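See the structures that follow.
Here come two complexes built around subunit A, the first alongside subunit B, the second alongside subunit C.
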Partner chain A sequence: MADAISLERLSFRYPGSSKAALDEVSFLVPEGSVCAVLGPSQAGKTTLLYALAGVLGSRFANAKVAGGLSVHDEYFDGVPRSILFPRVSLVLQESRIQITGFRSTVREELAFTLQNLQIAEPESAERIRDAAEALAISRLLDRNPLELSGGELHRVAIATVLVARPQVLLLDEPARSLDSNSVFQLSRALNSLRKSQTTLFTDADLELPLQLADQYIVLNRGKVLFTGNRGEFINSLNHFVGLLPVDDWLEITGHLRRNPAIRQTIDPRIRRFLP
Partner chain B sequence: MTSAVKFDNVSFAYGSTRLALDSLSFDVQSGHLLLIIGHNGAGKSTLLKLLNGILRPSSGEVQMVGKAIADRPTSEIARTVGVTFQDPGDQLFAKTISKELQVIETISLHNRRWPDVNHVISMLNLSSYLHIHPYDAPFAVRKLVTFAIAALSGAPVLGLDEPTAGLSSREHAPLLGAISRLCHEGRTLIVVSHDLTAFLPLASSVLVLQEGKKKFHGGVQELLRDDSILRFAGLRLSRPLRLKRYLGLPLDNSHKGDFQ
Partner chain C sequence: MSNLLNQIQLIGDRLSFVLLVVVCAFVFPWEANLCVFLLLLILQTTSSLLRPSSAKAGLLFRRFVRYFLLLTLLMVAVNALLLREGKIIAEVFGVSLFQGGAIFGLTTGLRLLVLATALGILFGSTPLAEFADYLGNVGLPSSVVLTLLLSLYFVETLPHRISRIFTAQEARGVPVRSNLFARIRVFSILLMPLMLSSIIESIDRGMSLELRGFHSESRISREGLVGVRRTISRRSAFFLLLASAVITLRLALWLTQ
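Showing the complex of A and B:
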């Protein structure tokens, strides 16, 4: 399958900073897959998303950049110089920022994106319906966005960019400050979108990644420490002690390894959460 | 054995309306960590303010090492109890982080065996921030500085309000290591936190508050046996902790060493 994203030794240094925020970062993300970019704060996760979305290139003309990246078949020397929306769409960590705050219903909030893209009826109604269905917010369409819970509002924020039908969806720490139940709903929603686009999200925790991601990239201080698939990642957890909250997961994987027969005896509803 | 901290039938009301704390009794032994959990408005922060004398009980008594603190001025209580608040900005006032730590190092009146200022700086990875103004430092750093000050004060009782909020997992480990070490040195910790993953392994006991009343007070294993208490407090165990419980793995650190 073709690669939706490819980074080739991409380096980026913010103007005035002495150290690289991204330091020769290379990886490939196949089309239609879900990729988790993991690491502690200051690892370069958000910078990486901003590079892909075109935010860095449009905002920091004088930054020091080397290497390059491709989105689908388009190659950029360095980072894209303009925002790639709607082809590449970014959902910010603070999802509230993404909500206009003056639309009185979720439906109008989603319609606002489509008005900006000059997409008219009946297509706009269809896109809103599809996005709402995918993110399990259909029953919220006539509610006021400001009355929703944190988890609901977050899914609405994702829907505001999803209606643009991006090829690549970028999410900055979407699981942050969500409880386990909201994380599960989010993982189900993002899972249902697999066929229509490629998703790349960042996280400092492992709960959402382990439920959702096909590919795992661990960053620390701007450098790639690890890339691999789910199985490879789970087998490497012990390398990330102190960088990622792996301790409890290590105890679980250790227990399952010592008692391999146990897995089959576990309720399937719980088994799907096991690493 | 005398308790390090004892609340004896303590009630408190802001103004004349509902009681923020209602006939609350509990005690904590020296060297133990009491974890306090509960919804917003359950009375957790009020409890910490009663602990260091910023607020005084409407009725009942707060005792430190067997003595009531009612007649003692707040400034004197503050030497026995160090409290950090949720927002570190409320507590920092020196021009640099280094000065902030030096001030407390000099005025600390207690016989403090651990830590010294250099140890705290290296343990919490603060060395690269020493010469900058507290407000130019990231939130997490300011938060760690207020903790460092409480530790350096030598106060035998420390009250910490959401100490891990806003910290990433890289900053978690050294903070939790330091807290564990403080308990080992005989300091008594009262920690208000939603972060069960961080504090259940360190807690000797847990107090669950609901609308100012004691909903539960007991050991960690006892708390975890019954989901309904946690749910009452608006909390759920994180996914890995629930999986561990399902698999029958211990959730506290009784099977591990005290600290590394």
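Showing the complex of A and C:
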């Protein structure tokens, strides 16, 4: 399988800062995979997404950059100098910001992206329908986006870029401030998109990553501490005490090792993510 | 398609009407501006061109006008008190109010009130999405439209932000809504964080629009209407002619004085 994203010793330092926000970051993300970028606050997760989307290059022309990255075989020396939309689409951390605020229905909000791409009817309607079905927001299409719940708004925010049919979808902490049920719905929706594009999302928690991701990257202070698949990640959880909220998972896996019978007492939704 | 053309034409008509009112506000004496203000209030409820686009827009318009009305009254009172010109028109608790100051306050206050009411009518009757389409359609670059929209969005959401901050302060036991002075005191403290957070949000919002391709100069308006209609309707032409006539008349009066 070809790599959708490849980073080669990418370093980035914000203008005026003495510390590198990304420090020789290297990893590969295979095409069609769902990759979770984990780490505590200030680890460089958002900077990494901004680098991939072209935000860093377009905003900070004087920043210190080294290394390079590739997105679907297109190589960039340093970081892309312009926004890569629609090939690479980024959903910001706060879904309220992603919504324009001047479209009165979700349908119009999604159509706004397509107008920017000069995609007219009937393709526009088809793309809106597909994105709405994939993210389970069809019933919300005629509602005002500003009147939706946090979980619903988040899925609408993802749909606003999904209609552009990106090759790479970047999500900045999509599970942040969502309740467990909303995280589960989001996970189910993102899982249904698995085949159509490569997804890379950041998180400081483990709930969504363990439900959804098949590739894991752990960052701390701009450096990559770990890259690997689900099995490798779960087996290495004890290395991330203090960086990630792994205590509950370590406790569960510890109990399982000591007494495999308790596996049956665990909620089936969680059970399927256990080693 | 014809609905959208009508919508674009309507916004053009509204803008021309607002331009006429702005000209009147600056040219007319306070008595005439008082009539213009009352006429605007009547037209806002009776004319299909100027009616609010939603119940929420109507409510916001009424609040907006109420604030400016209060401001006008305050301006009249302060000027009548401080500008000691002309005869004394009233004495309140031993304090004299002067006619010259009151007229100056009325002239300035009513001018402001008419301008605010006209702008309130424009934005109350035109949803931001339609206004954005109109601006794009008349050939404004998308970066200018974006700047305008972000500013308008900021103004539109400002009351909500302030209310949210007030509620948060109330939850901490600050008596923010107890009286006008308490409101003013709290507001002055919160003004800077409010402005800063709004600026930061505007930057983020601008970035999010850019991330959805809004900067593309070749973007299409709703249902692909770019450049379809750039002509002026009869109603717009009438308003613009009337505005020109008012300016000409004022200039003529000024020259003959």
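Basically, the second predicted complex is superposed on the first by the 262 of 275 C-alpha atoms of A that agree within 3 Å, B and C clash if a C-alpha of one lies under 4 Å from a C-alpha of the other, contacts with A are read in each partner's own complex, and residues count from 1 in each chain.
Basically, contacts are C-beta pairs under 8 Å (C-beta built on N, C-alpha and C of every residue); 3 or more make two chains touch, one makes a residue touch a chain.
Predicted model only: the values in this text are computed from it and were never measured.
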(request) Have a look at subunit B and subunit C on subunit A after the superposition and call it: clash or fit. (result) fit
(request) In the overlay, answer first, second, both or neither for which of subunit B and subunit C A:Val79 touches. (result) neither
(message) Quick one: is A:Ala63 in contact with subunit B, with subunit C, with both, or with neither? Answer first, second, both or neither.
(response) neither
(message) Quick check for you: in the superposed arrangement, does A:Gly242 touch first (subunit B), second (subunit C), both or neither?
(response) first
(message) Touch test for A:Asp179: subunit B only (first), subunit C only (second), both, or neither?
(response) first
(message) Quick check on the superposed pair: does A:Asn116 touch subunit B, subunit C, both, or neither? Answer first, second, both or neither.
(response) second
(message) Looking at A:Glu207 after the superposition, I want to know if it touches subunit B, subunit C, both of them or none. Which is it: first, second, both, neither?
(response) first
(request) For A:Val55, select first, second, both or neither according to whether it touches subunit B, subunit C, the two together, or no partner. (result) second
(message) So if I take every C-alpha atom in subunit B and every one in subunit C after superposing, what is the smallest distance between them in Å?
(response) 7
(request) Show which residues of subunit A lie in contact with subunit B when the two form their complex. (result) 40-41, 179-181, 183, 204-207, 242-245, 248-249, 251-252, 255-256, 262, 266, 270, 273-274
(message) Per the contact definition, I'd like the list of subunit A residues that touch subunit C in the complex.
(response) 53, 55, 58-59, 83, 85-86, 89-90, 92, 94, 97-98, 100-104, 108, 111-113, 115-118, 120-121, 160-161, 164
(request) Quick one: which bits of subunit C touch subunit A in the complex? Just the residue numbers, please. (result) 127-129, 132, 149, 152-153, 156-157, 201, 204-205, 207-216, 218-224
(request) Give every residue of subunit B touching subunit A within the complex, in rising order. (result) 140, 168-173, 197, 236, 238-244, 246-247, 249
